[in-house]
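Structures are listed in the sections that come next.
The two complexes that follow have chain A in common; it is paired with chain B in the first and with chain C in the second.
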Partner chain A sequence: MNHSHSLWRAEASLLLRSNRNVLALILLLVLSAASVWSGIVQVQDQRATIERVEREQVRDLAAVEEANAGPEGEAGYNAYYAFMLTQDPPPPLAFAAIGQRDLQPYVLRVRALGLQSQLYDSETYNPELALPGVFDWAFVLIYLLPLVVIALGHDLVTAEREGGRLRLLLSLPGNGLWRRRVGLRYTAVLLAIGLPLIIGAMIMAAPAVSIATMILIAALYSAFWFGLAMLIGGATRASTTAAATMIGCWIILTLILPTLAQAVIARAVPVAKGVDLTLAQREVVHHGWDVPKEETFARFFVNHPEWRGQEEFEGRFHWKWYYAMHQVGDEAVAADVSAYRDSLKKRETMTKLLGYVLPGVGTMNVLHRMADTDIQGQLAYQDSIAAFHTKLRQFYYPYFFEEQAFDHSDFAMIPRYEPRSSGGTPPTEALAALAFLSLLVLALGSRRLLNAGREQGGR
Partner chain B sequence: MTNIFTAPAIAIDGLHHSYGANPVLRGLDLTVQRGEIYALLGGNGAGKSTTLSALLGFLRPCSGSVRVCGTDPVADARAARSQMAYVPENVSLYEHLTARENIGYFLALAKAERGGDAIEAALSAVGLTQAAKDKRLSGFSKGMRQKVAIALALARDVPVLLLDEPTSGLDPRAVLEFNRLLDAAREREVAVLMVTHDLVSAVDIADRIGFLSEGKIEEEQTASTAGPRFDLNALHDRYTLVAGAPA
Partner chain C sequence: MTAVKLIAREEWRMLARNRSGLIATGLLVLLILVAGFTSLESRSAIEADRTRYQASVDETFDAQPDRHPHRMVHYGQFLFRPIAPLAFFDAGVNSFTGNTIFLEGHRQNSANFAEARQSSLLLRFGQLTPAFILQTLAPLLLIFLAFASVAREKERATLKLLLAQGIGGRSLIAGKMLGHGAIALAVGLPAFALLLGFAATGAADWATVGVMIIAYACWLLLWAFASVIISALVARPRDALAILMGLWMITIILLPRALPEAASAQNQLATKIETEIALHRDLLKIGDSHDPDDPYFNDFRDEVLDRYGVRTVEELPVQYAGLVAIEGERLTTQIYADAAQRQAAREREQNAFVHTFSVLSPLIAIRQLSMTLAGSDPAAHQDFLDQSEAFRYEFVQRLNRMQAELLPEIGGEDPRISAAYWQEVPRFSYSPFNPLADRTRIIWPLLVLAGWLAALCVLALFAARRIGGVAR
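Moving on, here comes the complex of A and B:
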């Protein structure tokens, strides 16, 4: 016990005497800390934005109420001018894996007009597999940690052979040398990537279990790269060859294959742009002005039969017709909307499958699902907006169809949006696939390393 | 079961070994007793280092038997290796550690922790100056590195020493000092198997000299107790014949 303790200490001081290793570890620590810090800043920015918009919202609503609500107030004007705030506050783990939140709206103000013309206002769908985008902890883990593992682990055996020490090391009666060396480097890498995350989690009051799971994911992903380093380091004669091969693997596994796969998926599953849905919906609405009103109502009543028989009005314009027309516009593009969502989901499914074989993609999928910052999270926010929009319309319809006045007490009753409860759980299948892949490569690498050390006495 | 105290320190019997289709050892017999210094000579590629590899359990012999203090180094590598200290050809230790730190580290690896005094004594014994003991190896000459490796082997304090060209890189005075170290080892009943090119030094220190050629010991001479230890002329002829190299 005491002896093995001193062996670990000796090994640690040997590791820390090497400038290259120390530099690589410090770099990882600094990058990890910087990414956590930048993630926290982004999350706090988003929170501040939400708070600011919430304050503006109070002011804006007061102005709308002032101008439109009252004993003579018309629901139509109130519904037209009262934009209602929806917001998607950053989930607890978003600071570590920002994902889609970088690009997707997290505040959106909607009114009772057609939803599809409002939903994609600031949209640019980021394909889940986008190459290095945001600088967050997940990015440092997935793209940069492997380079540090390569620096620390590619020449475990070759450097000893080149340094003229391998045969001497192998001639000693002790055992567990490689296990200690790999174990030590592995621990050091995990500390460098993990400590900033833990501190960030404490600042952000993120749930401890989730952070532990993220560390576990980092441990699995690092195990994959250490396994690969041992596999390649054990199969090559020269350190430079090993390093070059490892860098090649890094480029292929984290850059080329994901990019190619992304292109293939994009081609296999075309996705319309949300803005196309907006345009289609507006087209229908514009056209609606020229369509006979009976026709618009007939289409509206298909899904809102409760208002049948109350469509008559005098004059050329009436709010009930106007809002029915908008709703009909939404319904006209419903098939396109569901096709659009289906293909997004299909892409995500394919990305998920890809993650089963590419550990970087798998790790990203798991982290973003846990943080609830992936497309699924984005769609969930849209769903909650849609549900709210329905509630909003249902609230106004009696006022339109029964021609009730819209007084201040009515204004106070306009439904408010309740943020969805965000935060995901780790997808077990993907986590299991990552664990399987990583532990397999680790086992193969360990075997290879031991054999490489033993083969022909290290010549 | 051979007794560890009565068995010869090194016993190689009818050893055959090939690297693929290249037969290197072909029925090698070699015995070294405790308190004996055996110098193994032979041309380049004769199989001298391969012989040491077999003793260290690095190779699985095609046939024949290898024992170190009665232990089979393939079957029980750890037990055999705890009896042997090995100085490989062109050895080097960690560049960024001092001589003293290197010895401490390797001793820890060998599970042979010795006090600072033992390390100090070993480093002094090989002739390292006080200042050099705490210098990093990166500034050392080949000879000084060799000395540190030898100091490590001495500090292990084991019954068998395997030395592969230990004097290459040492200046003549250092070779003399080294020979005195071997003398002292012999006094402590250590068995030394030393691969060397240096016939003069071998004649000076060895108890037996063997020529390895065609995968076996072609000729072996034992030091005589009276008069000159070896017939240097005969050895020289033999050496130039076998090694094809000037002594």
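Moving on, here comes the complex of A and C:
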């Protein structure tokens, strides 16, 4: 016990004696801390923005109420002018994996008009700032951690041979040496990447289980790279060659293959349906003015039979017809909407499949699904907006069809959007695939390392 | 001079025997070509799509039946942003900006359906264009080819031999720089050929392509030179590799990602909702045309009555509501334009903040220069937005004038004008953005790249002196 303890201590001082190793570990720690801090700042900015918008919204709604609600108030005008706020606050893990939250709107106002012409509006963001991608913990883990592993692990065997110590080391009994050497480096890397995340999670009050899962993901991803380091380190003769080969692997796995795959997916799954459905919806809504009103009502009653028989009105215009026309416009493009969403989901699925073979992509997928900051999270937000929009319409219909006045008490009853309960669960399949891939490479790597040691040492 | 050439030639001979180096170079060149052709192909597919969409929406606009002109104001027009020809080379922010915009009266809608919002996070790994390969991957290749160039000679003690033969430190460094500089340019050659071919077909002009080639040549030389110099300054090839990898990681991967966070934390953009609410409030401050006692619109009415020499609105030869619509559109457009300008100015400030760091990370300079020249930078997108806004104002006012002038003759409960008039409403014709129009956006990053090259040359002199000192 005491003996093994001192062996570990010796290994640790060996690890820390190298400037390069210490520098690499400190760099990883600093970058991990900086990314967590930057993620927290961004999440807090988003929260502050939501609060700011909420305050503005209260003032705006008050003005709309004053202008349109009252004993003589018409529901139609209120529904037309009262934009209702929906918001998607950052999920608890968003600080670690911001994902698409820098591009996708997290506040959106909708009114009782056609949803499909409101749902895809962009929020203002600076495209040039979005271009290089976000700087968050997920980025440090996926891109930079492998480089630190390469710095620490590429010369495990080769450095010993270059230093003329390999024969001596191999003459020692047991495999404990390599296990200690790799295990120590592995633990140091995990601590450097993981500690800032844990502190960040405490600040942001993120659920402990999720953070533990994220650390597990980091552990698996690091295991892959250490496995690769042993695999390559055991097969090459010079440290420089080993480093160059590993960097080559990193380039291929995190830069070249993902970009190639992105180009292939973008080609294979077109998403033009988004434009199609917008154009089609406009045609239906505007065409509504030129066709007999009975026709519009007939289509409206298919899904809203409860208002059948109340469509008659005097004159050219009535709010019930106007809003029915908008709803018919939405319903007419339902097939396009689901085709559009299917194309987005298909792109996600293809990326998920790619993650089964590319550990960087797999790690990205799992992290962002857990953080709920990927396309799926955005689609869920859109779903919740659509459900709210339905509630909003249903609220107004009695006022339109029964021609009730819209007083202040009615205004107070306009439904408000409740933020969806966000926070994804770790996708078990993808996590299992990542675990399989990482552990496989780790096992192969350690076998290769031991064999290589014996072969080369025996020479 | 011959010594310099001799050393360069020897370096090439060495590299020709380095099998992995040859394979990596071959792969990179192949990758540039693959990226070039797939990107070219996808650009023409997108462009064809947008042209088709534009033609079809223009056609449906013409095909609308007899209507009240105000209905056509809200039927509106869709515009699809054409892609600049060179965007195949550098997609710039094109995937991050919306490419479809719906134009209607008294509203400024956002450009929607940006590719990045419709793609998985994979897009954030980068896009396969020649620019991505040249900016991100080519420096790595140049590092790999050159990191050992001088340090190797030191480690094997051949350096002393060379110096003893009378080859000075300067000639040695110059020779290695010549050798690796030539390789850097050779690596860029397929991309340059692609650009030149494009200019030859007339799809891009020679000046733009020329500046683009100069910029990338500077960029590639910069990494080749830096690799040789670092190699000369350290004792072992391994150290050179570690330092150069660190430089690459910081300047190409880390800083470009970290700086935007700093820029957006400093200077936040208002959300669309806040802007809309503020605009609405500003409008109400000017006046409410529905309010019979509104001072602004009462003055407006009196002025109109004066102009036509009549006493009441009913006596006007034109429809008064149409005139109010014209005035209202003028007011809203002004307020919208002010807000849009403020927003654009804030974005420019954020970008300028990032650009100042190009002194530290030349990637920022080459990226900015490259997308500017390719017509895929934010300025080109802003130009499209400006053009579309000018067009929106023109077509909405045309319809408003139709309402004012034609409706009094028609009258009736449901006044509509003939569908024939829709063909008189202007259609959007995009005038391509000239990236060379604003020279400052080109000159500053070029100066940064030239400055880096100059600084490296000074550093090379220093390295040469140190090496020369070894012999003594």
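Operating definition for what follows: the second predicted complex is superposed on the first by the 433 of 459 C-alpha atoms of A that agree within 3 Å, B and C clash if a C-alpha of one lies under 4 Å from a C-alpha of the other, contacts with A are read in each partner's own complex, and residues count from 1 in each chain.
As a working rule, a contact is a pair of C-beta atoms (placed from the backbone, for glycine too) under 8 Å apart; a residue touches a chain by one contact, two chains touch by 3 or more.
All figures in this text were calculated on a predicted structure; none of them were measured in a lab.
When the shared chain is aligned, no partner comes close enough to touch A:T296: not chain B, not chain C. Touch criterion not met for A:N68: it reaches neither chain B nor chain C. Of the two partner chains placed by superposition, A:Q281 touches none, neither chain B nor chain C. In the superposed pair of complexes, A:S422 makes contact with neither chain B nor chain C. Of the two partner chains placed by the overlay, neither chain B nor chain C lies in contact with A:Q116.
When the two structures are aligned on the shared chain, A:L170 is found in touch with chain B, with no touch to chain C. Residue contacts after overlaying the shared chain place A:N21 against neither chain B nor chain C.
Counting contacts as defined above, no chain A residue meets chain B in one complex and chain C in the other.
Residues 19, 53, 56, 58-59, 77-79, 81-82, 84, 86-88, 90-97, 104-106, 108-113, 149 of chain B are the ones touching chain A in the complex.
Every residue of chain C that touches chain A in the complex is listed here, in rising order: 20, 24, 31, 38-39, 42, 49, 53, 57, 60, 64-65, 67, 71, 74-76, 78, 92-93, 96-98, 100, 102, 109-128, 132, 136-137, 140, 144, 148, 237-238, 241-242, 245, 249, 253-254, 256-258, 260-261, 263-265, 268-278, 280-281, 284, 343, 347, 350-351, 354, 377-378, 381, 413-414. Chain A contributes residues 3, 6-7, 10, 14, 17-19, 163-165, 167-175, 177, 454, 456-458 to its touches with chain B in the complex. Remark: chain A residues 20, 31, 34, 38, 41-42, 45, 49, 52-53, 56-57, 59-60, 63, 83, 85, 99-100, 103-104, 107-109, 117, 120-135, 139, 143-144, 147, 151, 239-240, 243-244, 247-248, 251, 254-256, 258-263, 265-267, 271-272, 274-275, 278-279, 282-283, 286, 289-290, 316, 343-344, 347-348, 350-351, 354, 361, 364-365, 368, 374-375, 378 touch chain C in the complex.
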